[in-house]
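One chain, chain A, appears in both complexes that follow, with chain B as partner in the first and chain C in the second.
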Partner chain A sequence: MSAVEAAPRVDSRGNRGSAAWMVVPALVLLIGFFALPYLTIITMSLREASTRAVYGDGFTLAHYTTALGDFYIWGILGRTLLIGATVTVISLLLGYPVAYHLAKSRSRWTSLLYIFVLSPLLVGLVVRTFAWMIILSNNGVANQALKAAGLIDFPLQLMNNSLGVTIALTHVFLPFIILPLLGNLQAISPDLAMASRSLGASRMRTFWKVTLPLSMPGIQAGTILVFVLSISAYVTPAMLGGTGGRTMSVLVVQYLVDNFRWPAGAALAIIMAAVAVIFVGLYLRLTARAMRRLP
Partner chain B sequence: MKLTRREFAVGMTTAIASMTLPRLAAAQSPLVVPTYGGLWAKFWEEKLLPGLTAATGIQPQLDVGLGKDFVAKIRAGGGRSPYSIFMGNENIAAVLRAEGFFEPFDLAKVPNAAKTFPQFVNKDAKGIRAIVSPIGLAYRTDLVKTAPTSWHDLWDNPEFKGKTGLYQIGNTGAVLFLRLVAELFGSGPDDFDTAFAKIKELLPFTQASWSGEVATALIRGDAIIAPVDWTEIMTLQDKGAPVAIVAPKEGVLAFEQSFNLVATGAEKDAAHAYLNYILDAKVQQDMAKAFYTSPSNSESSVDDAMKARTPIVGPRMAEIKSYDWDSYVDKAADIADRWNREMA
Partner chain C sequence: MTGSSNGVEKTIWDRLFTALVTAIYIFLMFPIVLVVLLSFNSGEFLAFPLEGFSLRWFEALFSNKRFLDATLYSIQIAATSTVVNGVIGTLAAIYVARHATMARDYIRLIMTAPLLVPEILTAIALLFYFYEIRIGTDYSIAIQIGHIVVTFPYVFLNVSSALFNFDRSQEEAARSLGAGGWMTFRRVTLPAIKPGIITGCLFAFVISFDIFNISLLLKSLGKNTLPLELFDYLRFNFDPTAAAIASLSIFMTFAAILIIDRTVGLRSLRF
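What follows is the complex of A and B.
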């Protein structure tokens, strides 16, 4: 190492390694906001249950074995993942054309479109969900409109089930897929599409063979974001899910807050987190493999 | 990695300060008073706390949240609770009591307890149910032909089939209803098998997490009848909604706000003074006017206008069904779990 390279690492007293301090904030953040909370939850999940104390004296795996052997909890877990996957797919199908249009648009109204895209995030979550209750309830706007049009005689069950949760979550999380996609699509050089067209490819073929493959990183980032946010959402499933659309987050909160069962609730939270990590890991592997195969 | 003396001194000072300052802050902290949001927080901020300060010199700090949030904070506080006094529904207070977080009040320091209707003072002063919000049967006046008079009407009146609203089990209202149904149809308030069987007969019903959601279901017409507290229905009536509420002939339920002395709290004398102020006849009367509770002080003045809107006052407070929650604590989690699985 030359004297010039070494210079910033040596202070006026000749002490090396001051630069190592720069790692400290990140380390503190990781330990304080990630490692310690997880460690606390894992420890809590291994505590024995008690109705005469916050938790019992000993340690046990019973909360995990009980939960994993319970079909009711498996059912809720499956429903949560299904809602997450459905919201992700619908968000992608709705969000991609919007992101594509915004990326290509040269209109002076583009900024207005940005505001429309971000609009779901500009209203409080509870207010937004309450609005969906007014729309989706048995006597809500949607059912009234369908009745007035003569399409139904009896109200459709649009909330207190997975359908209501899926609709509202799609609305809430749409911007989270549009924004990463938009950044990705804007970064793709227009020359590539032009080259494809000049070589005789149709617009559709150019999209399928050039634009879509190149936007895979944006699709990957956006879909992971929406999936993870959907399966961990609490307010919307709690307000719109009822008993028929109960998700793992709602169940965990019920255990922790309503029933004061901290150890069992912590075990459910860890199971949920583990399942999310497995699914995201698998998805990352699959999409990474697909991206490697791209031309 | 080597530390200079200056870096070491700064680091140590920061570490010591971060460990010491919370202790100093805790030592100097005033009485922290928990209450609920909405009308409650407004009343506490505008009337109750200024009144308390004027009467006692205590300058409390308000903490707005839900009873279950207060439970979590006391549990997480371990040996140093952020509160010296707890307020929450009696069934929730019973959980913390069972876990040893509370100690009895010294009633000599709470003279107004002697004027409180005796049914609201727990045995051995282990909690006082100081604020009472009765729960009756609320219904849509424009959609119901035969107004209810009995809890049995929920089962017997065909108008209500599929049009009933109930609290979900996370709310005290559901637990109270469960015990009422056990008492009405079974061998007593602990006959949960009978209660579950009878409530299942009401399916499908709308389930709501809190009173505001029950009110919304009534306004939307998703439910045309529901057990709900007077506070909610009087507030809806004030806004012109076509709703009414009756006291069924078998008696009413009530959200009973249980005040408890936290064993690990630092401001116990102030906590006693605060509870005494809450129990004051005039304060109870003001609360009833502000959000339609029923005064728990037997000396509170109740005029005809108040009686017309909130009839469960004075001698009629005896119609409130109060349950013992000590033994329920051991079953609460299983019952909640059972409700979630069966009431879908």
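What follows is the complex of A and C.
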């Protein structure tokens, strides 16, 4: 680092102005087609509805008050949050052992296992959700297997409800918790666990008292990522949620595409985003308190 | 911790842990393997037992004009996103790593922002915005810009990380030996960060090929990307042709993973 700082900066000091062109196209793209568009969600949500155009002339808060007074929407919001929380907890319980195993693994199969973790991430959402439809449908692979094993006589209802959405979303987002955890666990010095062991702590105790607390930042990052991704997921609930597993995103897209109610849909999207921000904020405060106790 | 290398004998807990982890790896891979298996199955249904090896569903796929059109359209959009981001993402990464001083953190934040917010919200925002600026979604420009925005951070992050690991004194050596700015960039910097650019571009291509929400809300009427076409197809059909499409997309992804693994190693990926 210091060598870099001390070296004469050939082009940064003298020609900083002339280098700025390099970042201009990217800034134009991200301000013009990312930051500004986000503002239009807010303005759109305040527009009056209209039957003849996309929106009417005036501004109103009616879309928010209507949505917040609607039990149906509260129900869908509650279901979305419940699915998000369940997926997050299960992903943590399944993802932690995998991250731990990958971090410790010295075998030559490690890179293959790494591909196992990474590939679901890179295979498209529609494809992965389709795979779960094959598994979870009424005469799907799961019901076939259970019937063949003599455990059931009639097929279980595994999709078109929250259960199916939860199972598929857990699979879809599991890599997103494994990767931050893996980075975190690999950064923990093995000396710490070794010291704990040599001072007489059992392996279980070493894990609970040393490794787990030190991996809290990875747990925090991964769980937030999975929670936000699963409450905002569209493809999976749309494909295998049916009406019993309909979530906020599905409702918002229905407002926008099928019903052509853009202002009301914008208000729903903002309510969804606001709820996500509130939950993540609360969660950050809670986990911050837990992390302050760290050595 | 696991075992014999430490001279600790394997306990029942070690075995249980290994069994648990193996089960989770199977859970991760099972759906993907299943789709590939069923796409080569000669039977009429997406179910077991497998009846025999056949390429008939791939034939059905390749004789379906809609899927072919959708595939070409997806490739066109993904390739454009890759080329555009390969240029502007690399330039931006170099600027942030080398030249930005005061606003560096803010610039970096906005460069990665499309990754930090849900894709569906970005899609909704762009849908409204293109309407408000009178471009609308009648032409491919809306969906194309949406794909470029969402895949931009992948190029930016991977090139940034390559630049971070690159020893700058090599550039100064070239300079002091008389190479000009462009010459130094072409002969020293570019070769050093090339793996980062390749990884970022492959990533951008694969992600652009796969993303759904942006395409759903910004597509022009009657023009589907492959994921949209598959989604529409599955509304009314549930047969192994869909598995064949899915298989093709899986093969493409694995080809990309193998290339990344061979060139730079998967562990250097940045999300």
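By definition in this document, the second predicted complex is superposed on the first by the 258 of 295 C-alpha atoms of A that agree within 3 Å, B and C clash if a C-alpha of one lies under 4 Å from a C-alpha of the other, contacts with A are read in each partner's own complex, and residues count from 1 in each chain.
Note that in this section a contact is a pair of C-beta atoms (placed from the backbone, for glycine too) under 8 Å apart; a residue touches a chain by one contact, two chains touch by 3 or more.
If you're wondering where the values come from, they're calculated on a predicted model, not measured in any experiment.
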Open item on the list: Looking at A:254, would you say it contacts chain B, chain C, both, or neither? Reply first, second, both or neither.
Closed with: first
Task: Partner contacting more residues of chain A (chain B vs chain C) - done: C
Open item on the list: Let me test your reading of the model: by the given contact rule, A:133 touches which partner, first (chain B), second (chain C), both or neither?
Closed with: both
Open item on the list: On the A-aligned overlay, A:52 touches which partner chain: chain B = first, chain C = second, or both, or neither?
Closed with: first
Open item on the list: Looking at A:41 after the superposition, I want to know if it touches chain B, chain C, both of them or none. Which is it: first, second, both, neither?
Closed with: second
Open item on the list: Looking at A:144 after the superposition, I want to know if it touches chain B, chain C, both of them or none. Which is it: first, second, both, neither?
Closed with: second
TODO: Using the touch definition from the top, say if A:78 reaches chain B (first), chain C (second), both or neither.
DONE: neither
Open item on the list: In the overlaid three-chain picture, which partner chain does A:29 touch, first (chain B) or second (chain C), both, or neither?
Closed with: second
TODO: Name the contact category of A:281: first (chain B only), second (chain C only), both, or neither.
DONE: neither
Open item on the list: By the touch definition at the top of the document, which applies to A:20: first (chain B), second (chain C), both, or neither?
Closed with: both
Open item on the list: So chain A touches chain B in one structure and chain C in the other; where do those two contact lists coincide?
Closed with: 11, 16, 20, 54, 133-134, 137, 139-140, 239, 257, 262
Task: chain B-touching residues of chain A, taken from the complex the two chains share - done: 11, 13, 15-17, 20-21, 51-54, 72, 133-134, 137-140, 160, 238-239, 242-244, 246, 251, 254, 257-262, 264
- [ ] State the interface residues of chain B toward chain A in the complex, per the touch definition above.
- [x] 1-2, 4, 7, 68, 71-72, 75, 95, 98-100, 168-170, 206-207, 209, 213, 216-217, 220-222, 329-330, 332-333, 336-337, 340-341, 343-344
Task: Residues on chain A engaged by chain C in the complex (per definition of touch) - done: 3-4, 7-8, 10-12, 16, 19-20, 22-23, 25-27, 29-31, 33-38, 40-41, 44, 54, 94, 97-98, 101, 104-106, 111, 113-120, 122-128, 130-135, 137, 139-141, 144, 171, 174-175, 179, 193, 203-204, 228-229, 232-235, 239, 249, 252-253, 256-257, 262, 265-266, 269, 273
Task: Contact footprint of chain A on chain C as seen in their complex - done: 1-2, 5, 13, 17, 20-21, 24-25, 27-29, 31-32, 34-35, 38, 46-48, 87-89, 91-92, 94-96, 98-101, 107, 110-111, 113-114, 117-122, 124-129, 131-132, 145-146, 148-149, 152, 156, 168-169, 171-172, 175, 181, 206-207, 209-210, 212-213, 216-217, 227, 230-231, 234, 238, 242-243, 245-246, 249-250, 253-254, 256-257, 261, 266-267, 269, 271
